[in-house]
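The following pair of complexes shares a single chain, subunit A, combined with subunit B in the former and subunit C in the latter.
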Partner chain A sequence: MIKAIITGLIFLFTLVVYQTTFAGPPEDRRAFVAYYESRFPDIPFAEYANGIYAIDRDARDQWLEIEEFPPYEFAIEQGADLWQEKFPDGKGYSDCFKDSANGVRQAYPKFDPQTGEVITLERAINLCRNEHGQKNLEFGNEQMLALSAFMAFESRGNSINIEVPGDDPRALAAYEQGKQFYYSKRGQLNLSCADCHVVSAGQYVRADHLSAGLGHPTHFPVYRSKFGSMLSLHQRFEGCIRDVRAKPFELQSKEYTTLEYFLTYMSNGLEVNGPGARK
Partner chain B sequence: MSLSRNKFIVRFVFSALMVMQPVLAVSSEEPECLSPWSGSSDDSSETSSQYFEQRFAEAEQLRQLAAKAGAEWLKTEELLLNSKEQAGNGNWSTAFQLIHKACKQADSALQQAEYESKAWKHRVVD
Partner chain C sequence: MASAIKVKTKLSGDIAEVKSLMLHPMETGSRKDPDSGNVIPVHHITQLVFTNNGKQVMVANFSTAVSKNPYFSFSFSGAKAGDRLHVSWVDNLGEKAELETQLK
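And then the complex of A and B:
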């Protein structure tokens, strides 16, 4: 009897140690969501897709007014035109993105088991172009932003569904790298992504509220009124890194790509509602 | 018997110190660029220039290490470039102040990266 109790206790202890030491992506996500549920009990899960406007009620009213005449419409139209264009071999983007009729944004970034790399939507667009003999579009240029805006628009309403294949250590390593980046302090201000968007979410930074990390990637690319142009998620990362007075990384660098992988996985289940409009 | 045992201990400690010497030397050595420049603007241009090049190289090396660790701070490179410009104009005092700042930044960035390589785990939401 005593032997059975001791065995049971050892098993429980091992389980607890395993859970706390080796929490995998699903456990991480559950804890991440639970944190915001407890922090903002009045905000329904689906609302986090609206970013800061889930938290800041005053800003939300202004945003809803802006959404009546969306400033990103021109990007969607330009993206739709580019999407329709055919490459010299007669093929188009829809030949690369097989499920494009139903929207594809929700599945990116995606782990590619052949190369062992994480592929963002922007990189997938360039891979498609290369496959059909076309040069890369620069990351962050107008055409790239227009195409990704159109693809996000076509995917609206689809639930984000990022996969981290548990049987591939390279996928887990990429996820862990993104997670480490998210929680590591950097720059002269010694701040991590989590310091602002987890610990201080909802607090003021100057005259604005800090948004929650949950739901961050759902609405990109966004039209930023501040710049009068569209902005990709990696360009937003770049801005944050600069804000903490660290030297930014290149767009689509491994650092930003794995960060996007981790962050988008955390938002699994939320609806794609890009492109968005932000101050 | 007791004497030979003492000899053995002394030899052992001495050997251990000899082996540890390079490690101790590296850890106690601090780049010169971390200490403020004590020269004056009256120093000859040649002497200042020599010191400047040496300290610039040290600070640049630290900056590159910080960059390799993905931890470089925003203004370090700019500080170094500005120091070069000031040195070119013969403003040694300002040039050395800028190098000192850049050096401190790069060193702090490296310390930050080393600390964060473990500390981040304690911040994960669980």
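And then the complex of A and C:
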């Protein structure tokens, strides 16, 4: 316990030192990973892709049972059908996503040097639709979730590889905004993302255990047994922010997009294993 | 849309383990639409039937207490590879779905 507090303090201290001197994304990521390594020395790095099931044995057993007959299979099938559909101009999604045969999930969210914005997979799907004269799919809509579930499935096993180009200050600014969000306290409970998922990872929150921040974005979208439907990462953010009793932001808002950018960068090197099943 | 039923089977000796997953809203009829306040009408599977080579091996009468997208698993003896397992459900609105698969 004392050890945990000390490592936590050391971590926070190093963060402060980094922030006041110079902390580039690669240094941040190394510190982030090193913190969990010292916190959970028995958990191999690759296991963090399984979220809370890397930490909580009981929950892991239940999850393995669910994975024998995954409830997200319907969404993957629906997504595969949507993927095959052609736009009126005869093109399809595979024309927008280069190298989609090998999966593209691991590269998103991606910084677009032309517009200077971070593009999430969901936004990229809509940009593709616009390009071929189609209307946007609503974020969080069933078809959007099914498509992204299928794309995640096709990318399984690929290592997450998010780039923050060092030569573009806009990319670094987006990364910094996401990082700021992650460590900022909010809501009536006055909690930051890091308070729960870094400092208190593995501890109880009511009857459940808090998952580690490392590996959070690898398995989205997820099938939530609680809702009986698929859920995107931004909808999960929304849930967390509501849980600390703050007002959630819009799906795909700048806040969530930059948070996803930061968080996914932190998980670089872990395998994509979406879509996932969570209670 | 693909079939609204998925089935996986595993044979060990003459015992077949059957796992199935159904796509169904399973509305209880006592839930309200949060936006309009109207009651969402009852809509649930009433009967699920499994037959093996035409012989019934499992009949389940579902009511409102079963969750959305139900998962149903059981095992039966007297099965052999190549048997034709047929699954079907009918709901209170008369909607149906069925699937046939070979034991292996």
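Criterion: the second predicted complex is superposed on the first by the 259 of 279 C-alpha atoms of A that agree within 3 Å, B and C clash if a C-alpha of one lies under 4 Å from a C-alpha of the other, contacts with A are read in each partner's own complex, and residues count from 1 in each chain.
Rule of thumb we're sticking to: a residue touches a chain if its C-beta (ideal position, glycine included) is under 8 Å from a C-beta of that chain, and two chains touch if they have at least 3 such contacts.
Here the structure is a predicted model, which means the values were calculated and not measured.
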Fill in: Broader residue contact with subunit A after superposition on the shared chain, subunit B or subunit C
B
Discussion item. I'd like to know which partner A:Asp28 touches here: subunit B for first, subunit C for second, both or neither.
Written reply: first
Practice prompt. Check the residue A:Phe69 against both partner chains and state whether it touches subunit B (first), subunit C (second), both, or neither.
Written response: second
Item to complete: With the two complexes superposed on chain A, say which partner A:Pro275 touches: subunit B (first), subunit C (second), both, or neither.
Response: neither
Item to complete: Would you check which partner chain A:Pro221 touches, where first means subunit B only, second means subunit C only, and both and neither mean what they say?
Response: neither
Item to complete: Examine A:Glu77 and indicate which partner it touches, taking first as subunit B and second as subunit C; both and neither are also allowed.
Response: second
Fill in: First, second, both or neither for A:Gly140, with subunit B first and subunit C second
neither
Discussion item. Let me test your reading of the model: by the given contact rule, A:Pro109 touches which partner, first (subunit B), second (subunit C), both or neither?
Written reply: neither
Worksheet, complete the sentence: Going through subunit A, the residues touched by subunit B and also by subunit C turn out to be none
Fill in: subunit C partner contacts - residues on subunit A that touch it in the complex
68-69, 71, 73-74, 77-78, 81, 228
Worksheet entry | subunit C residues within the subunit A interface of the complex | 1-2, 6, 8, 19, 21, 23, 67-69, 71
Worksheet, complete the sentence: Per the touch rule above, subunit B residues touching subunit A in the complex are 67, 70-77, 105, 112, 116, 119-121, 123-126
Worksheet item: What residues on subunit A touch subunit B, complex-wise?
Response: 20, 23, 27-28, 31-32, 35, 179-180, 183-188, 190, 192, 194, 198, 242, 245-247, 249, 255
